[in-house]
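Across the two complexes that follow, subunit A remains constant while its partner is subunit B and subsequently subunit C.
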Partner chain A sequence: MIGKRFRIAAVIGISLVFLLAWVFPIVWSVMNSLKTEQDVLAYPPKFLFAPTLAAYRDVLFGSGSILPNLLSSFIISIGTTIVTMIMAVPAAYALARLRVPGKRFAGFYVLATQMLPPVGIIIPYFLILRNIGWMDTYQGIILIYLSFSLPFAIWLLVSYFEDIPFEMEEAAYIDGASRWKTLWRIIIPQVRGGIAVTVVFVFLNAWNEFLFAVVLSGNTVRPVTIAMFNFVSVEQTLWTKLAAVSVLAMLPVIVLGIVAQKHIVKGLTVGAVKGGGRR
Partner chain B sequence: MTKSLAAEPAGLGRVMSPSGTDYSRALAVRERRFATALLAPAFLALMATTTFPLLYLIWTSVHRMDLAMPFADGFVGFDNYRELLQDSRFWASLAVSLIYTGTTVVLQVVIGLALALLVMGMKRGQGLFRSIAILPVVLSPAVVGMVWRTFMLAPEFGIVDYFAIMAGLGSQNWLGDPTLALVSVVVIHTWQWTPFAFMVLLASLAALPDDIYEAARIDRASAWQRFKRITLPLLRPAIVMVIIMRTMVALTAFAAIFTVTGGGPGTATEILNLYAYRKSFTELSIGYGSALAVALLIVTVLISAVLFAVRRAR
Partner chain C sequence: MSMRGQVHFDRIVKMHGNFSALKGIDFTIQPGEFFALLGPSGSGKSTTLRILAGLDMPTSGTVVIDGKDVTALDAKDRVVAMVFQSYALYPHMTVFENIAFPLEMAKVGRAEIEPAVREAARKVKIDHLLDRKPGQLSGGQQQRCALARAIVRKARLFLLDEPLSNLDAKLRLETRIELKKLQRSLGVTAVYVTHDQEEAMTLADRMAVFMEGQIQQIGRPSEVFAKPNSVDVAAFIGSPPMNLIEGRYADGHVEIEGHRLRTSHQIAGSRNVIVGIRPGAMRLEAGGLPATVDLVEDLGDTAVLDLTLGGATLRARVSDGPVPKEGQAVSVTARPEDIHLFDAATRKRL
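== the complex of A and B ==
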């Protein structure tokens, strides 16, 4: 009896430790973002304090506002998502449902492209963009983001297309509908859910990307993940503002993560079930 | 590998018409044309953003290309690779990469599996675990790195340092000491990605059939025996899959280390990926940086070949 009680206590204890460990850095950032400059530097650290939105007001509407950077992050992520989906939905449909010569190879190719280390793509890509004058442009960064978003989206969508029954398509053909019309009117509505999940993950990956953004960013393209470095320098760290910016950068992806909660394992392991994988 | 694709699906052409007729052949041609039109944009874009850069990378890796001294640029054959083999910083960064990858992957899988088993046995609170586990995984590694570098690990200010002082360990220079810095970046990566291993393994555990466990319980197998004889073998494919995915990511990790230590102090946390970046974009030696990137690709391919062989065995 004592043994059993001890075990339950141990399970609860271990669970709490891990849950706290996972939440703490995020909660601590939120707390620091709500502190005043004095509170944030207090020693010992303050867990109870009078919260203020001053840091958010400063980083959003003060001088050196990060609103343009948030906007930049959104343009990159939404742009990448749109272009990716326009290309990936038809390709995934063809790979999942049509007889295509060399289909096996095509599937393998999509997986193999994910093995390329990002740094191996960015070096040549940097040289190319410099030559054609696309450094620090949205078209440049969205184009290179396709290198990881397309394989991911194609694989995730293939798994959804494979789930719909063939009878639907047959019925449409017998009615004399064209292939394009069938795809658009019959098939795509069937995989709406899968498309929504894919959109969430493509957006998330684009929002979180860093290496390509570091190399290509400038005054125009400057996502919030790059702009947060403005708040730390050798001389000083602007603690509360940095916390506020970090929270703002976390917010959209946490919301999306919670929205797509049920699909997260599938989204994380897509492709891996069949082969490689990334992120 | 591509099982579902390899198994020729009931293509529409075959379903729609008796085979062997001109009509079915015409349909097959039309289907092929349609498929090509659907596939072309995605595959052209993929080739432009992956295959072409790869070929270009190999080309620049056999050139001297220095953005600081462009007048000396030119074809040098395998000189960059010869230099690389004698470059102690290359070998050191490769070692850091392997240590970083090995420790983070082992920690993620061991902790993730242990937690999955623990949570699987819980009657309540599973949902809470599942929800919380999502948080670290969806965050940008750059933001995670920034939060750890400042609010968690900054000397005298970071909360980890505060707890270390409270515990009597004294204030530590978490990111300034070479060994501690490496430990720190390993911990940060493990913090962010253990939930991934946990969620995948928990999902696989939940999918295991119950009746085997029933039988084992009736046979009075101990918990350890049940784990070793039943759970582990059944879970093996999922574990290997997690190992493969996490290894690929750890090998090319960049953002978190870049924001936390920038590879420092000195080169203590400089993984091969970061070295290639620094060489190319800080020291502006694009040619040599390209050779480093190719070396990284070769290492990645070799390691994944080994892992896939392990996966296929049994």
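== the complex of A and C ==
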């Protein structure tokens, strides 16, 4: 009895430690974004202070407004997501279904691209974009993002397609549906959970990307992750502004997470349980 | 040939790599017939159905429906209906949408779809469930939904792939009867795949027995039961299966384990044979083969006896008279006309 209670207490205790470790940076960012510069640098740290929206006003409407950068991030992320999904859904379906030669190799290749360290390919990408004149352009950034979002999306989607029994499709053919009609009317509605999960992950990866953006973007295309970096300089770090932008950059992610939550949880568990032992 | 729903298979061969799933299938199904493809798993019966549906292509040979060569035609263009073993209902659609789907694909007008769907649902008694999703239906209701989806398009050919195997025993019997009535009332040709010989026996007008990619025998169920043309068919049809014992034929008699039984077969000379006797044809009478009762399965109205006869094991079903006890010595015999003879070498009926 005591042993059981102790175990429960221990589990709760450990969970709290992890939760704190996870939640602290977010809470700290939110707090810093509402402080004045003096309060941020105060030691010992101030937990009680007079909140101000000055930092938000500055980063949104001041001279170095980040609104264009947010727009930039949206264009890149939404563009990447749309193009990725248009290509990944049929590709994943094909990999899951069709008996095409080299299918196994293609499946491995798709996964192998995920294993490359991004730093290793950044210089080739830089050279490619410069040679085709796509440096600092949306199509350039989106093209580069596709190179890792597409394999990831395909890999994620394949297991959802594999979960749909063959007979389901055959029934549709018997009912007089073409392959495209079958995909559109029968298969895709059944993998919408997986599609929702994939959309969220692809969007988030593109939204949060920093390394490629910092090298391949410029003054025209400047996503918020890069703009944020401007508040850190050699002379000083503008902590309140940095925190305010961080919070603003987090918002779309949080909203998307809440909207897609139901699908994500369902999609993840379905993929995990049913698709687990296959292949 | 103006009648609808005639099927002809001409020398169909199907290879999976080096493995031949079908080794030259030839048969004709008449319009309006309830035709069963019966066989153990892996015998090629499902492959045959899939080739007929257009879901698989034969390696060689032709499939002819109503006089038209459809071998190269896609499933979607064949206008056949099919009920799958798993039912394959579309889980994201309601029952109504499921049944309406084939009509939509056939570009039937909206105004005609609704009454057709209701009519099909009424025929299989699920017209009160049209708003449900398949996940909210019982197994039996899902099965009916699959049937409704198959009959709604009024296809000339109705293909059924083990449609009853996922139902429990009682429901299976009920549905079996309804299925037969439905097929009669629609007047369609039904091709029915099953490994359950009892289902084939009760449902089919004619059946084809498949073994290892070949058709062993085609005929009315009663014919196949009465005159199986090979040892394999004899062993497959009937429950409990036919007793098959090695013996020797000579002069109107068979000799089994040193004892003689008279048979109505007349064959010239003497030869090694396999003697087949249905358990139900075995009689406990004096002057037959001496055997020992190993085990008694009492089924109430009948009893099945496991008997040892020298090195062989036999089964006998007795329905009248006293049931012997386990360990008891008995004498078993069969009427001369109930004795089947198969060639020991070719395993074909003599």
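Rule of thumb we're sticking to: the second predicted complex is superposed on the first by the 235 of 279 C-alpha atoms of A that agree within 3 Å, B and C clash if a C-alpha of one lies under 4 Å from a C-alpha of the other, contacts with A are read in each partner's own complex, and residues count from 1 in each chain.
Criterion: a contact is a pair of C-beta atoms (placed from the backbone, for glycine too) under 8 Å apart; a residue touches a chain by one contact, two chains touch by 3 or more.
Note that this is a predicted model, so its numbers are computed, not measured.
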With the two structures laid over each other on chain A, which partner does A:181 touch: subunit B (first), subunit C (second), both, or neither? second
Identify the partner contact of A:139: answer first if only subunit B is touched, second if only subunit C is, both if each is, neither if none is. neither
Which partner chains sit in contact with A:249 here, subunit B, subunit C, both or neither? Use first/second/both/neither. first
Pick one for A:171: touches subunit B only (first), subunit C only (second), both, or neither. second
Using the touch definition from the top, say if A:190 reaches subunit B (first), subunit C (second), both or neither. second
Per the definitions at the top, what is the overlap between the subunit A residues touching subunit B and those touching subunit C? 170, 173
Residue numbers of subunit A touching subunit B in their complex, please. 11, 14-15, 18-19, 21-26, 28-29, 32, 41, 43-45, 86-88, 90-91, 93-101, 103-104, 106-111, 113-128, 143-144, 146-147, 150-151, 154, 158, 162, 166, 169-170, 173, 179, 183, 204, 207-211, 214-215, 225, 228-229, 232, 237, 239, 242-243, 246, 249-250, 253-254, 256-258, 261, 264-265, 268-269, 272-279
Subunit A-touching residues of subunit C, taken from the complex the two chains share: 53-55, 74-77, 79-82, 84-86, 88-92, 101-102, 105-106, 149, 153
In the complex formed with subunit C, which residues of subunit A make contact? 165, 167-168, 170-178, 181, 185-186, 189-190
Residue positions on subunit B within touch of subunit A in the complex are 1-6, 8-16, 28, 30-32, 34-39, 41-43, 45-46, 48-54, 56-57, 60, 115, 118-119, 121-122, 125, 128-144, 146-152, 154, 156-157, 159, 162, 191, 195-196, 199-200, 203, 241, 244-245, 248-249, 251-252, 254-255, 258-259, 273, 276-277, 280-281, 286, 289-290, 293-294, 296-297, 300-301, 304
